[in-house]
Amino acid sequence: MITGLHLENLAIRRGERLLFAGLCLDLGASEALALTGANGAGKTSLLRAIAGLIAPHEGCVRFAGAKGDLEPEDARSSGIHLLGHQDGLKSAGTAWDELLFQVRWTGGSEASARAACRLLDLERLLGLEVRKLSAGQRRRLALARLVASPRALWLLDEPMAPLDSERRHLFGHLMGEHLAAGGMIIAAVHDPLPIPVRRLDLVFS
Amino acid sequence: MFQALANPQRFMAFSRWAAPLLAVIAAGLLSWGLWLSFSAPEDYQQGATVRLMFIHVPAAYMAMFCYACLGAASLMGLVFRHVLADAAARACAPLGAGFTALALITGMLWGRPMWGTWWVWDARVTSVLVLFLFYIGYMALQAAIDDETRATRASGILALVGLINLPIVKFSVDWWNTLHQPASVFRKGGPSLPPEFLWPLGVMALAYMALFGALWLVRIRAEVWRKRAQSLALQAAG
Amino acid sequence: MSMTGLDYAKYAIFIWPAVAVTAAVLAWMVTDSLLRARYWQKKVQALEAERARPGAKPAP
Amino acid sequence: MSGLWILFRRELGQTWGRGGGPVLALTFFACVATLLPLAVGASPARLGSVAPGAAWLALALASLLSLERLFERDFEDGTLDLLALGPAPLEAVALAKGLAQWLANGAPLALLAPVVAVALGAGLSLVPMIFISALIGGLGLSFTGGIGAALSLGSRRGGVLIAVIVLPLFAPPVIFGAGVIDAYASGLDWRPALGFLSAYSLAALALGPLAMAAACRNALS
């Protein structure tokens, strides 16, 4: 399990553009970080670099475990949830089938998927095809996978955007529980998160 | 030398005199080769058409040689992620496609008097045609992806896949040829070629090679400048 | 058959087009490469002159 | 391992159900076979001589059809991100996808191939050999084609591009596949051709996932 994240002197390039350089960051267990910054500042790129989808131009990403550093591949294959604008839910599948696949693929079980659906008030929607869900319902379905399969580091890109205030409150509560259990959260946000967080503001270099 | 040239600045300084030098060598070899080609005696079987060999066979060599260069540059680009290797791969493909097209066209013009037909589905011809399609696919892939880094890497992977696949294509086509055309009409040159033919062939092959070297350097220079212009334009905008 | 070998009788129709095609393709490769290089070199020079102009934004 | 099995079953279901599944490719196969007599004439002698080859050509074309969907949808809707962060490396993901593509697309096509060949005038004795060669060759076609599908991710005009990239790569399996049937029909030794075809398919099975994974990583980056 990941108990710490260290970014060392990280620089990321997209095409010809250097988004940022010299980024150093340490995140420990039970800590949350809110990434802010203008559009194009590199919030999504930073999340994807931590997830290993983008190779950093300079510097490195390290994951700490209980007994020293973890292999990045191992840490990523069993310790990271990445939820971006694309949620990977196939619009033709039923909500339950899609969620169950995502949960099992990321290491959860059918029982934990059921429990997550109860928590997020999704039970009535499970028989519907994903394309029939509203944006808010669909986002709740995507969030269910975070709750259902326990992974320490949540990388979230605008997780709250389509949710109404009541659900935001609920999700804030779930994030709080994740942190209390020793998890970590990095979220790219425009609005403040309903939990105590550190802030990192990315500015154009 | 490789290490030294990996630095773009040093490469630019080197290619600044190397490219013209190679061009001069190419021009000299080309004139010599052409003179040799046209003063060579006629072949007792092929007659005057033997002269077509001197411009056709080197083009076919170059078609394969360029692919080897493309594959090597792509491998370096993928492994070391070096800008110059990427530039070299990009610069190589159009030249390779040009030589391959040349080999096909002059091959057709040679085939008509030799075999009495413009096109023969001979093993060698078919392999070169597949090679040509490969170059086209490589350039099409590169052109179709907007992000340049990604396009270069994707086409680099394709070049490596092709490098593994082309010998298989060659083998399969040879095998297919023995199945369908037991007796080859192709009177191949090779060691049995008399020296009066070997000389023009060799000189022309060297001339093509030098020309390719010069043009490759020029095109890599163009790629380096293009990259530089792009980053300058971006700096000016931001 | 003369030593200069320019009387190819019935094969001239194949040999000369082949030579012409070769010349055309090689010439295209040469001009395209040179024009490309010159175009981008000019472009770089123009952009660098722009940047070096007094009062222009300094490079980051 | 169980994660990979789940993925494989899902991919199988997706390939089977996605956009009509194999029905579209099968119909395309039948259409090409129908056009052939219209193009070259219906004389049994002429058709019979090209039937095995034509069946193989149509097979190669038909197996191109569903390739565009192999990675493109997953790439666009974010599934590929999820797959990259799962318990198995992308190479294994590509392997599962390729196998599912083969079973859900290649196998039905292999079942139809003898029917098409017989309709075009091939002898009934060829039926088992056509099925076997199409099934084995289909494995190679799926994995080679998958490389093209992964490489063209994020490009404009995916479908045509895949065809242009992949069809030159299809030369060996088409040669060996049609060669098997040809040799068998004319009473020659067909085992070398079948051996070459199997070797090609196995090589594609082994190397294809590496190239597909590299291409997917490149597209995601």
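Chains here go by letter, A, B, C and D, matching the order in which they are written, and residues are numbered from 1 within each.
Note that in this section contacts are C-beta pairs under 8 Å (C-beta built on N, C-alpha and C of every residue); 3 or more make two chains touch, one makes a residue touch a chain.
In this text, all values refer to a predicted model and were calculated from it rather than measured experimentally.
Identification of common neighbours of chain B and chain C yields an empty set.
The chain with its Cα centroid farthest from the Cα centroid of chain C is A. Per-pair counts of C-beta contacts peak for the chains B-C.
Averaging the CA coordinates per chain and comparing them to the mean over all protein CA atoms picks out D as nearest. Computed centre separation for the pair chain C/chain D is 42 angstrom, with centres defined by C-alpha atoms.
Distance between chain A and chain C, defined via averaged C-alpha coordinates, is recorded as 53 Å.
Averaging Cα coordinates per chain places chain A and chain B 49 Å apart. Centre-to-centre, using mean CA coordinates, chain B is 31 Å away from chain D. Residues of chain D found to touch two or more other chains are 221. Within chain B, residues 147, 238 each touch two or more of the remaining chains. The multi-chain contact residues of chain C, meaning those touching 2 or more other chains, are 60.
Every pair of chains in contact is given here: A-B, A-D, B-C, B-D.
The touching residues of chain B, counted against chain A in their complex, run 147-149, 230-231, 234, 238.
Listed in rising order, the residues of chain A touching chain B in the complex are 15-17, 204.
Remark: chain A residues 48, 51-55, 73, 76-78, 80-82, 84-92, 101-102, 104-107 touch chain D in the complex.
Contact residues on chain B toward chain D in their complex (touch as defined above): 78, 130, 133-134, 136-137, 140-141, 144-147, 150, 153-155, 157-158, 160-162, 164-165, 168-169, 171-173, 175-176, 179.
Note for the complex: chain B touches chain C at residues 38-42, 47-49, 51-52, 55-56, 59, 94-95, 98, 101-102, 105-106, 109-110, 112-113, 211, 215, 218-219, 221-222, 225-226, 228-229, 232-233, 235-236, 238.
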